[in-house]
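Chain naming follows the written order as A, B, C and D, and within any one chain the residues start at number 1.
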Amino acid sequence: MSEILRLERVSKAFGGIRAVSNVSFDLSEGEIVGLIGPNGAGKTTLVNLITGVHPLTAGKVVFTGQDVTRQKPYQAARRGLARTFQIVQPFPQMTVLENVAAGALFGGAPDTMAGALAEARRELDFVGLARLADTPAASLTLPNRKRLELAKSLAMRPKVLLLDEVNAGLNSAEIDGALDLIRQIAARGITIVIIEHLMKVVLSISERILVLHHGELIAEGEPRAVVEDERVIEAYLGAKFAARFKQETAGA
Amino acid sequence: MLGRSWKFTANAIGVSTIALVAAGALGSAAAADDILRIGAPLALTGGLADEGKKQEAVWQLWLDKVNDAGGIEVGGKTMQVEFVQYDYQTDGKRAGQLAEKLITDDEVDVLMAPFGSGHTKIVAAVAERYQVPLLACVASSVSVYDQGFKYLFGTLAPNTGMTESMTAYFKEQMPELEKVAVYGRDDVFPKAMATALANSASAAGLEVVYDQLYSVGTMDHSAAVSAIKAAEPDWVYMTGYTQDLILGRKQMEDLGVTAPIVTMVTGPAYREFTEGLGDLAEGVTSSTWWHHATAYTDAIGPWTSTAAFYADFVEAFGIDPDYVHGSCAAAADVLVHAVQQAGSTDSQAVRDALAETEVLTFYGPIDFGENGMNQGRDMPIIQVQDEEIKVLYPAAIAGAQMKLVD
Amino acid sequence: MDILQIFVNGIVLGALYACIAVGFSLVWGVLNVINMLHGSFIILGGYLTFFAWFYLGLNPILVLPAVALLLYILGFALQYLFINKVVTAPVLTTLTLTFGLDMILYNLMTVYFTATPRRVTLDLGSIDLAGIVMPVDRLLGMGLALLLTALLYLVMRGSTIGRAIVAVRMDRQAAALMGIRVNRIYAVTFGIGALMAGAAGAVFAMVFPVTTNLTGVFLGKAFVICVIGGLGSVPGALVGGLALGVIESFAGFYLGPQHAITVGFLLMLILLVVRPTGLVGVKGYE
Amino acid sequence: MPRRALALIGLAAWIGLLAATPWIADNYTVRVAITIAMFSAMALSWNFIGGFTGYPSFSTAAFFGIGCYVGALAQRNGVPMVLAWTLATVSVALFAAALGAIILRLKGHYFAIGSIAVVEVVRLIVSSWGSVTGGGDGLNVPLLQGSPDWVAAKVLYVMLAIMLAAFAATVLVDRGRLGFGLRCINQNEDAADMVGIDTTRFKIAAYALSALFCGTVGAVYASWVGYIDPTDSFSILLTVKVPVMALLGGAGTVFGPVVGAGVFVLLEEFFWANFLEWNRAILGGIIVFLIFFLPGGILRLDYRRLLRRTLRQRETGQKSPEAAE
């Protein structure tokens, strides 16, 4: 598996506050990686740095071998670095179909409106929103908005998809559905980064875990190894959870 | 004084109906030949409303006078006169549009231009296109007349004549006069006057120690007045609209400019200026194209002398006429004269007759030059003395000696 | 010597400018409305003062509170009856609405007051301090302007209504939950904006000739000052006004009066892009 | 679809009527027709930035005025008229693109104020740059030669052509990628960025489009009236009137600006003729009325329904190959 995204000593400071410092890691094609950390650990900031929303204070971002450190968000989107938002960002007065078509037309491959619409249809089918295609985006329920957000990102034909708290606010049945969907997306060969603060959700699906704490990467590796990491337990998980998780996985 | 002005305004509003049709024009069935229709786009509202209303008022007075006499005689027949007026709200685009409406819709025989050189230019372009004679009674900038228009005639004389005679007169009155500061509004007429004066003064050997324009929309003159003060001029010459001049004069006083001669064009020609300034108006000089102290007799038109016009005007409005009133009434006289010469209202014939014109009106002699502008002559210099406007020059009509500002 | 005089000219003018802008800034800051009526409010205040002085022989300073109160009522009513209905709409809507209302007010004034320039001719002379000349009426105007501005500042900070206005500005919904009647606060704020404009007009009638032709000029100044100083704060308007006065004064002297206004507007455009929070840099009404 | 077809037929009839005025009415009416064409073109232009993109731009008068001046100066320096018009168009578009790169970073109120300030700054620069622009004196432009009727007809057809061009551009933008992108920006600029829209370039394109036709209109206007000055060329009234027209018809719609400009100019004419002294107040009243009672404009067709309909239309056309797959 070849490398698709690499971060080299990425740092960001807002005023005097270091939100992200010296983060380095890389992603291989087709991986599912979990990025976890407590609230305020700098996860969303890191996503914003990767997608060009904020300029980096220091460091380098390399995507498919190309230095994209200074890219703008729209360039990231066109290169195949798509993301969803923690707080969903639809075009409220457009229909669901149009929302997805926007992703296809501007971030994806099609050059024509008709092509974009066809693509949008397919993605709506994929996420299970086809029957709501013609309703205004503003009228969707929260789980459906999250699905819309996913469909929009998928329509951009991403190589890497950064899912920022895609499960937040969903109940456990809805989360299961969402995880199912994520597995299907991964099956299409898209590299996925799941950003979460709920450990449990991530552990079941990720092949690899990155742990961010106070803006620093404190651990990296397979889920099992990460859970046993002293620093992670101390900083984030708490001993109880670690013990329970060990039990559960041992039993399985 | 102000109370009267209010009444005057009220009157003006009262008569500003869309069209002022001559009283007794019952024979409207008569052929168009028997009626002389004069069209005038006027600024009855907006920034130039005060000026527009003057034009409207004096033409009403003129029209009443003509109608009282039963009309005008043309080629042995009696012809009625009609004025058709529209308010263009001091909006240049509208002025052109209404000129076109007057020509095509109301089929006027001739046009009168509105106040100001800028709007006169716009109306002149329309008149030229339709080959309808246009009389401009309140546009004095040469740039209005130098476009080779054949149908445009102006009753005011060129600015240059005014500034030259003024420079000469002041030098004569105050031989030690050396330094002049010129400060003008960047607008067609005030700018032309400022430029002309700076040239005339240099030509006469004066030193122009300050020569600047200020933009339309300037709210404060302290920077310029401070600079003028530092230049220590003997003579300050400022041009602009009345509100600019009031403020300029006041700031000169406040900041201690002590030039013995202060000229404001055309400030003192307007009552608003003296009212707005009170004591500070004292001693301010200006030039004007006409003053009612002139005494022409044997003039053409309904008023055979300046005195007759003055008497009628004061009776009707209770105030003294200024040059706008004089020039605009005279323009109507010249027009009637040309129609009489032409023997019809045919626009080509009237135009030719206007070009030939050489007559004396109560306002003074009118003789249009090559470019259509009235030939220069000695124009009055006036000064505010004891809250009144006194004529200083030319000697023939002078009513007072020049006083220096203390 | 010269420089000092120019500076003093600028400061005195600047204080008057601040007085123009403070009401405009308040309305923008709290209501998020660009009030195109502001210039006409000032002129209306000026005319009312002139007429009271001319016909009734009243001293303009005595008339000022009455004029300000009248404008407060007018402003309150306009906001309550009209602007409140669309106050949360985008800027295009609110700006256009106030522009429409301004056309009506302007038309009323030109018909009833005409465009004739009017001025209260209480010429009070000037003070000469070591060669620096300061006109007394401008100093008086400056004093009044500063006093009014200070008063507004105190009201905003100290009084119940002031705190309510600040609360509404900070968070409309939270303020509503706290039991503040937001629409009334908006009307009061707009009324205060008009009141300040009327008071400014009363001060101006003593210094400048007042004519309806100037409504646009005053409005333009308010724009520039607010952007220079920073929106929505009394200190911002004060700093912006003083800065503009001094800048215009120096530009007028060194670059020529023709360029003085241009420099002000250019500075405003640059600041808008480079530092939209203005020189004072406060976001939010204080 | 029939609704859109009806609208197109209505538009064609309207333009036909305007174009017929030289043959059926006097020159004053022709002048009104010219004014309608002029304002329709400008309102359509404004619609790109104000309607589609949702940026409250008040810089129309700056574009119109610069068009006037570039056209007039070119003509005075011997450039043939049509070339002068083209030059004005290109210069104004370039000016807007350069300016847009700076002020389109502003949003909401700041953008509104900035765009008005541009009008003032340009006016002041034009008036103080007397050596080139004639300053407050204004500029005389060589008069169009020919009989008044011929001149009026010629100006009318040129203005109608500009209006049609602006309309054609509107339709193209509306259906294409650019229009779709601008609407995304209108609704959520951050999200638009995230789906791969180069928002800066899209906004600049919209701003330049909103300037371009105004520049042409300005240059033609200058040739027509024969005299321009800074006050009339850069008027704040114009800069507010044009957005009001677009709002009146329906901002962001394809036909709205045309409807709005036509209705507004005709109303203005009517009030001018009948309520001389109060016409400004009445226009103000119309604006107030519009804001309260017609917030969506005369055409309540909002673009979503139009777009959805066209989308559906295309989709049905698309269906068969998909099914075959």
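The rule is simple: a contact is a pair of C-beta atoms (placed from the backbone, for glycine too) under 8 Å apart; a residue touches a chain by one contact, two chains touch by 3 or more.
Everything numeric in this text was worked out from a predicted model, so none of it was measured.
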item	value
Contacts common to subunit A and subunit B (chain labels)	D
Identity of the chain that, by mean CA position, is farthest from subunit A	B
For subunit A paired with subunit D, centre-to-centre distance based on mean C-alpha positions, whole Å	43
Subunit C-subunit D separation of Cα centroids, rounded to whole Å	33
Centre distance in Å when subunit A and subunit C are each reduced to the mean of their C-alpha atoms	51
Averaged-CA centre spacing for the pair subunit C and subunit B, given as whole angstrom	37
Subunit C residues counted as touching two or more neighbouring chains	107, 110-111, 216, 220, 258, 261-262
Per-residue overlap in subunit A, given as positions that touch at least 2 other chains	none
Sequence positions of subunit B contacting 2 or more other chains	13, 45, 186, 213, 215, 217
Interchain contacts, given as pairs of chains that touch	A-D, B-C, B-D, C-D
Subunit C residues within the subunit D interface of the complex	28, 32, 34, 82, 85-86, 89-93, 95-97, 99-104, 106-108, 110-111, 216, 220, 223-224, 227, 258-259, 261-262, 265-266, 268-269, 272-273, 276
Of subunit B, residues touching subunit D in the complex	13, 16, 18, 44-45, 86-87, 89, 91-94, 96-97, 100-101, 103-105, 118, 121-122, 124-125, 128-130, 141, 143, 147, 185-188, 190-192, 213, 215-217
Contacting residues of subunit D [partner subunit C, same complex]	50, 54, 56, 58, 102-103, 105-106, 108-110, 112-114, 116-118, 120-121, 124-125, 127-128, 236, 240, 243-244, 247, 251, 277-278, 280-281, 283-288, 290-292, 295
Sites on subunit D touched by subunit B in the complex	26-28, 31, 35, 124, 127-128, 130, 135-138, 140, 143-144, 148, 151, 225-227, 229-232, 237, 272-273, 276-277, 279-280
Sites on subunit C touched by subunit B in the complex	2, 5-6, 9-10, 12-13, 54, 107, 110-111, 114-119, 121, 123, 125-126, 128, 133, 135, 137-138, 208-209, 211, 213-214, 216-218, 220-221, 248-253, 256-258, 260-262
